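Input: one structure, supplied below.
By letter and in written order, the chains are A, B, C and D; residue numbering begins at 1 in each of them.
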Amino acid sequence: MLAFSDGVIAILITILVLELRPPEGDHLADILDERSKLLAYVLSFVMVGIYWNNHHHLFQIVETVDGRTMWANMHLLFWLSLMPLGTAWLGEQGVETGPVAAYAIVLLGCAFAFTLLTLSLLAIHETGSQLEQAIGDDRKGKVSLACYAAALALSPFVPWLSIALFVVVAIIWFLPDRRVERVVEQA
Amino acid sequence: MLAFSDGVIAILITILVLELRPPEGDHLADILDERSKLLAYVLSFVMVGIYWNNHHHLFQIVETVDGRTMWANMHLLFWLSLMPLGTAWLGEQGVETGPVAAYAIVLLGCAFAFTLLTLSLLAIHETGSQLEQAIGDDRKGKVSLACYAAALALSPFVPWLSIALFVVVAIIWFLPDRRVERVVEQA
Amino acid sequence: MLAFSDGVIAILITILVLELRPPEGDHLADILDERSKLLAYVLSFVMVGIYWNNHHHLFQIVETVDGRTMWANMHLLFWLSLMPLGTAWLGEQGVETGPVAAYAIVLLGCAFAFTLLTLSLLAIHETGSQLEQAIGDDRKGKVSLACYAAALALSPFVPWLSIALFVVVAIIWFLPDRRVERVVEQA
Amino acid sequence: MLAFSDGVIAILITILVLELRPPEGDHLADILDERSKLLAYVLSFVMVGIYWNNHHHLFQIVETVDGRTMWANMHLLFWLSLMPLGTAWLGEQGVETGPVAAYAIVLLGCAFAFTLLTLSLLAIHETGSQLEQAIGDDRKGKVSLACYAAALALSPFVPWLSIALFVVVAIIWFLPDRRVERVVEQA
């Protein structure tokens, strides 16, 4: 399951790059015509990279999976698979209400699906398992959900602030989940 | 072989998403212009996800493969690889005879190929093997084939009913194959 | 290396499918407008499938690799990676001299690269190794090279005959390499 | 992590091939209309192949990874993921200042990211480890960085010379990293 998810995420990262098209001209400055697409790409690359990293860390300490977990994982991949669409819209139209709200919805879906996945994993792990210790109260997950919801609510008024919230979440998650790493090291 | 098939299926899922293009406008409602493509994508994502899930469960209890199995597997991948084409046509033209019939033919091909694959696997496993117990009389497989055939027959008259039949099959298969899971748990 | 090659080949197979676009109309018969692309796709799917199969069988009995093998493998992947281009040209222009000759050149490159790969592997395996027995005098490989060369030579005069030669080679290779299978079974 | 990186690199290689489109005509000579795209493809295929090769060799002797390594690896994948964009621009506009400078920047980013990755790995390996011996003074890495910087500086004046420098770096790296191979053989 890890290999399959890794495969899907690897492909999504590279589908994101398909949106980037070379400019018409042949001067280096012409690449700046594509700057909004490039920035949207960088944001999405980081976001998908964070999910890959957390997903990978999570499954390092998972002891068992069941049918429900597999569908929870597919559900997460579904939302992640909408990232290229959200990125393309954002890259083409820039920071406007529609694409920013759509991007926030996709990220909300991803965060919600990741929470469901961790819950479905917790349900089949014993109390006191490494997994339970690593997830803890999942503060980062809750903050992310709140930020995405706020970004969605703000998108009709100040879409730039929504983008700032996405960047805030990226910074929060940027480091790998040290909780998991700590538990793994102790083991 | 499992890794290769996982790879192909992962890529197919993400090729499906390539069909989704951002709308022209920059209002959130503009995404509704793409609703038939989005719905076709969701249907195909679930269908391919079901095949991945069943394929994965199946190969967990396979004990041996031979040359015939490898080609039966390639044959299944061939039909699955036509899913993006069927999805694109359905998404562009909507629920009309042509695309619905084509979609039914692709699904029929997938279901038929999956049946051939299980038969080729049964032929090289002993009576009473886990695999034989897990496949049993393959009732779900037969119902699916019947539904797809009915959907194809109905497509020139009431294509919406064909779509309903696809959804019925999806619901039937949605849960992972509990038979296999049960056998795996007993082992 | 096997995983990497499997990944590249899996992606190539699915890139081939990207060429297939849904027809304009919404009648089932409209799909026939795409028949030359569909046929080119089927041919290339089988060809790439054969390479995957043989490559996979070959590496099951490989005992060691070195730097030269890795580059011989990259060289094979290079030629295989040109298959989507050859297929697209053949699918768009039909059975004409240009695309048929280009397709023959790509297949010649693949066959030549596969021969180089087996030679680089033989060079680092001992006399009497499973690999040496399995490859033997490589009659199939030599016949394929001769057929592709003949197809290239015939393409300016009777391109349909070149296509027939491709199909002949496909039939020759269609079954997995029984020699390798026999050796693996004995081991 | 190796599997994930292999996956991303495999996909990048095949995304490169997506840029190659069949020519309009049906004569074999018509493919020459695409020669600048074909040459850009060959160059990038070799470059990405070299990174795959070195990355693969490197991780064969890595004993441990941490969070920092994972992000250093993502950073390398980010720069590699810009290769298709650079290749497309080079293939479309030919050897002009803009695309050549952009290509040099992408290669500089890749080389810099690879250096960071080796440094982050060295930081968590003991003195005298296989990894340390294999990397040594990283002369090839330093020469590559210097060549890319020179290629960038030369691009506004003699872009063909920049291309020549890329080819020089390719030749330097073409053989797999014998230092690593030697250490692996000794182990």
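One rule holds for everything that comes next: a residue touches a chain if its C-beta (ideal position, glycine included) is under 8 Å from a C-beta of that chain, and two chains touch if they have at least 3 such contacts.
In this text, all values refer to a predicted model and were calculated from it rather than measured experimentally.
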Inset, instruction - Tell me the angle, as a multiple of 5 degrees, of the rotation that maps chain A onto chain D over the C-alpha atoms. - result: 90
Inset, instruction - Compute the centre of every chain as the mean of its C-alpha atoms, then state which one is farthest from the centre of chain B. - result: D
Legend entry - Homomeric contact chain A-chain B: same or different residue positions, threshold half: different
Inset, instruction - Let me have the rounded angstrom distance from the C-alpha centre of chain A over to the C-alpha centre of chain B, please. - result: 27
Legend entry - Separation of mean Cα positions, chain C and chain A [Å, integer]: 38
Inset, instruction - Check each residue of chain C and list the ones that touch at least two other chains. - result: 3, 7, 11, 18
Inset, instruction - Once you've mapped the touching chain pairs, tell me: line, ring, star, complete or other? - result: ring
Inset, instruction - Please name which positions on chain D make contact with chain C in the complex. - result: 3, 6-7, 9-11, 13-14, 16-18, 20-23, 25-31, 42, 45, 49, 52-53, 56, 174-176, 178, 181
Legend entry - Of chain B, residues touching chain C in the complex: 1, 3-4, 7-8, 11-12, 15, 18, 66-67, 70-71, 74, 77-78, 81-82, 84-85, 88-89, 92-94, 96-99, 101-102, 155
